[in-house]
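Look at the two complexes coming up: subunit A is in both, with subunit B in one and subunit C in the other.
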Partner chain A sequence: MIALSGVTHSLEVIEILGGKASQIPIAVTPFKDDDKNNDVQLMHEVIANDLSRSGLFSPIDISGVSQYPYDERDVNFSNWSALQSQFILLGKLRKTAVGRNNLQVEVIWSLVDIYKEKTIMTISLKGPAKQYRLIAHRIADIVYEKLTGSEGIFQTNIAFVKKFNPKQYSLFISDYDGYNPKAILNSKHPIISPRWSPDGKKIAYVSFEKKKPVIYIQNIETGKRTLLANFRGNNSAPAWSPDSRKLAIVLTYSLNSQIYVIKADGSDIKQIMRTRSINTEPTWAPNGKELYFSSDRGGSAQIYKVDMATNEVERVTYEGKNNLSPSLSPDGKLLLFLNQEDRKYRVAVQNLLSNQVLKLTSGPDDESPIFSPNGHMVLFTYKDYGKTSKIGTVSINGLKVTPIDVGSGIIMESTWGPIKN
Partner chain B sequence: MRLSWLENNDNLQANLFTLVIHLALFIFMIFSVNWNVKAPYYAEIELWDAVPTQTKPKPQIKKTKPKIKKTAPSEDLKKAQQKKDADIQLKKKKAAELKKKKAAELKKKKAAELKKKKAAELKKKKEINRLQKQLLEEEKLEKIQKQLLEEEKLEKIQKDILAQEKLERLQEDLRDKDLAKDTRIAIEGQEDLVAGSNSGELEKYKALIQQKIYQNVNKQLCGLDPVELTFEITLMPTGDLIGDAKMIKSSKIESCDLAVERAILQAQPLPLPKDNRLFSQLKKLKLKFQPNGNVD
Partner chain C sequence: MKKSLLLASILALLAAGCSTTEINEPMGLNAPFPELENMTADGSEVDLEGNVSGDSLSQTALDELAASGELADRSIYFDYDRYAIKEEFEGLIGNHAAFINKHSAGVVIYGNADYRGSHEYNLALGQKRAVAVKQALEALGVDMSAIETVSFGEEHANQECTGSTCGQDRRADIGYVGE
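Let's turn to the complex of A and B:
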């Protein structure tokens, strides 16, 4: 034996190429002294829903567990390991009265690694009781970032249009999961294509209040609106530049839909490309130098990109009958679009390095796909039972589709706000 | 009343009855017609000769006679005609009814045919559905069979392992019996032979270990760019790790490094051969990961 171990063996090497797209099993247990009050969900439920919606986690079923740990020292590793859980998130809550009517919430929570049998982090968060859900989202964001390496988006907002009847439309903003909706614009005329400025301060949208589509920019905080584009013909499809200073828009000023770039104050408009074919639905590459857009120049609707300095155009999508409504992930590596095949409109994502296409949804009437600010999720509209338009999210691994409940009615034209600083 | 009576009677009987009556009436009609023809003749003459002075009791009688006779047959005729008309109407009615009946029957027939057709179609549909189901089931079966086959393969591998174990035990037994030196040498020679022929066996275990770890690599946590990581592990004969998985080369993405480390930990116990010589070759391993495909 001694002789054997003395021999200097070169180590056997095992190469593991590739991997799977799986979900991290995590136990999110009820926090001590957490009670319902006015909230529909408890804190651990909000967190579990957030993690689940991302498609990267699968919160394990904890209904059969008789006793939950509230402190990292109370974790029975073998039990949780037996439940196939890789991590456990636990905590305790304390509500204290501050002043006369202000209730404060304090949460002390821990993320524990079951395999390594050690605590990854223990953090205390405080805030007013009315920010109960926000605190939960914050915890989910921290866990998400720690375990996936990407910023979480659970504290972000979305915007959407609700159609109450053919003469009543409202532009809403809400939490990313549909909670706390607030109308920022009511109109007798349709509102479409809302787009959040990357700095988070404004929303550009198309309104039909002038009997034709024109583009407005509205300050979210003050509610003040400015008319960005009311040129001859239709004014549509606003898209903010990454620095929030300019917008790409589409005008039918000359014969058909063409792309223009205009400063956010409505000055300095210039046309990008001059072709006979339709160029529409522009979206900026994160580098701010290229625009991706859809065009019928090849016979069918496909997605192209144009270098704005040279006007050089390159076709990007090839799969499927028609591809439209492009948008790019924040790192510029993934292209999100609507893919039409077999009379079905589905949300698809194309890896721009490998050009591999993954269809995320099953359709058949999906619309307006847009990335979450971290590029891990997609917000889109779909037809509920083939009828009413609703909104939902799908994870970019396609593993998790979750509706967003913002009440009854027709919900459409959704968009995702940026991560707040 | 009569009509209804007729209606209620048997067709043949009614027809015969009407035929007889008709014949009788017809014969009667001929006679009466003769009278009829004659009567106006006389009457005309009498009318032209009608002078108040003339007494015409005879012709009057004659006149009245045929008149009576005339009226009698005419009334009968009328009745007959009526009856005839009624009969014709009845016949017409009957014909119409027959027609209706036939039409209804035809309709019924058509409906029945349609029903049959529909039933046939439904049957067809059901058959198609059934076939599809069958197909699906066959597919399922195929899947199951495939799985079974794979399981069989695994079983075979396990059997091989068992056989190996048996051999080892046999050899151990032989050794225990402390046989003569030369036999021991012979056995050792045999053992070497076994180990030598076991390079395939080594590869098999490497493949098994590779598979088990690969299952757990969550490449989503490694971004999109090609990355490479290397770990070194030391194993107990049970397949569990001794100490930590030691990272030699990082992907420079923390979540990726941790995900790969978890994949290794999760794969415990790793499949290892019972053969000590083989095990010693796999006791310490270098694991090279490329979660997003080839780096170069």
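Let's turn to the complex of A and C:
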């Protein structure tokens, strides 16, 4: 049985890369449901897809199985063991109508260890049948946490920009797997760099609606937005501090792109470094004391970090022609960035203790890498056959790349929201 | 001829300056940034063209701009990942500098980048190209407060460009207030 401690998990996964990485085999069987004609039937697929996407599980093919168990007592251990399955997730559904058009569903499900012939947990979850995907994500999160020791992210949201044509852009939020998309902003002008506040309530983004880039903060619940920064020149690259009270931003007020920190209410701005080179794409270390950023001060774009108390700067990346778009894992131990080599832009991760670099994707036009809130997955954009930009996830062990389907249009500038409390 | 030689040497200096390693000069800690004009508290905006001290083009100037073959070219192209102005664009910049000085015109330089790399870094790169043109104009006597710079990054770029066609997007364009 695999038991990994929470915060160090991503590092362990990185270190076992190179063929030795293992995935947990699990059978996720259809839940018993007397009413066959509804989407709720798909719950087990949602769960299996979640676990698969993480790269830490390999849901086994159950298409050849004629009869599924619906109760922990019905599991035929030797049969499932023969299918190489270490765990089985099974269950049954009960539906109750509460008024008109308000079908409630109850899932009574069990996670069973086939090797040990032992039930790990049996849990009942209830909710509106319409939200069957959310219930399924919840189940996947519980299983994930039980078997990996780390919090799951299957109930989180992502945000992305969709460009329908050069005069039509929308900022969307959706479930982490691309379902239930909802536009929170429509504009005739480009929108870039959306960033979720760590408290989950707001999104900061850059809009070109004033014929130049300016930064807005939008309340997701109310849709109300405020102009955070409209200083002379370009205003861009918002990055929330871990406590959601401040943002690092980039202005060209003094000529070239420079980093400033401003309170979320737009007051109390101060410059972090003063150079003539490009300083951009700031991102906070989880300790709130350092910013990582990209800069061309050394002749090519590389990633540096600055201690905000001392203004001391240290170069962080050395491999590759250019390195861009830094962000950190929640434990601060891994640097995620865009690496350019041989005209290919790929998502890469650097262990900040050993400085070992691993390329997670193959390029050639990957962009916008960002960690899932537990640091186990990365959301990024890529170009389909070198043309249309799309989004997908890659597991931090590099084993699983999965597209996210959010329909047609150019999908860009994706970002991941925090775990909801 | 003399003027163009002077410009060439200034451009060479600018280009050389661009490739050197910059020293990070720390500023006073916690010091407020004195000359930074914040947007107003009531939410009113800092207007792009309103920042420029130069004048809106008069009808005479507009007519001259429209009629002049020399001023028709407004775009300065750059090499991949670069922001040094190439010699072949000295004449173009010189023609516009003369026009700006003659009419005390307000100017906005728009910087652009090709699609490769991140949107934010390309915004910074486009800005650096706009700044290179601004500095070249200043070197020819244009008042720095008459020039505003803005970057569109890769937002106007051809997302499917390949090879040399991407060069069309590595560009700074000269725009005039009031046209």
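Basically, the second predicted complex is superposed on the first by the 394 of 421 C-alpha atoms of A that agree within 3 Å, B and C clash if a C-alpha of one lies under 4 Å from a C-alpha of the other, contacts with A are read in each partner's own complex, and residues count from 1 in each chain.
Note that in this section contacts are C-beta pairs under 8 Å (C-beta built on N, C-alpha and C of every residue); 3 or more make two chains touch, one makes a residue touch a chain.
Bear in mind the structure is a predicted one, so any value in this text is a computation, not a measurement.
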First (subunit B), second (subunit C), both or neither touched by A:Leu111 = neither
Remark   = Between subunit B and subunit C, more residues of subunit A are touched by C
Query = Between subunit B (first) and subunit C (second), which, if any, makes contact with A:Leu147: first, second, both or neither?
reply = first
Request  = Applying the touch criterion given at the start, work out whether A:Arg297 contacts subunit B, subunit C, both or neither, answering first, second, both or neither.
outcome  = second
Request  = Check whether A:Leu171 is in contact with subunit B, with subunit C, with both or with neither, and answer first, second, both or neither.
outcome  = neither
Inquiry  = After the superposition on A, what does A:Ile60 contact: first (subunit B), second (subunit C), both or neither?
reply    = neither
Request  = Quick one: classify A:Gln340 as touching subunit B (first), subunit C (second), both or neither.
outcome  = second
Task = Could you look at A:Val349 and tell me whether it touches subunit B, subunit C, both or neither (first, second, both, neither)?
result = neither
Message = Going by the contact rule set out at the top, does A:Ile24 touch subunit B (first), subunit C (second), both, or neither?
response = first
Request  = Mind listing the subunit A positions that touch subunit C in their complex?
outcome  = 190, 192-193, 208, 210-213, 226-227, 229-234, 236-237, 250, 252-253, 255-257, 260, 266-271, 273-278, 280-281, 294, 297-301, 309-311, 313, 322, 324-325, 338, 340, 345, 365, 367-368, 386-387, 389, 410, 412-413
Query = For subunit B, which residues count as touching subunit A in their complex?
reply = 202, 206, 209-210, 213-225, 232, 253-256, 258, 262-263, 265-266, 280-282, 284-294
Key: Touching residues on subunit A, where the partner in the complex is subunit B   = 4, 9, 11-22, 24, 56, 86, 115-116, 147-150, 331, 333-334, 351, 353, 397
Remark   = Within their complex, subunit C touches subunit A through residues 19, 21-27, 29-33, 36-39, 43, 45-46, 48, 51, 81, 115-121, 123-125, 127-128, 131, 148-153, 155, 159-160
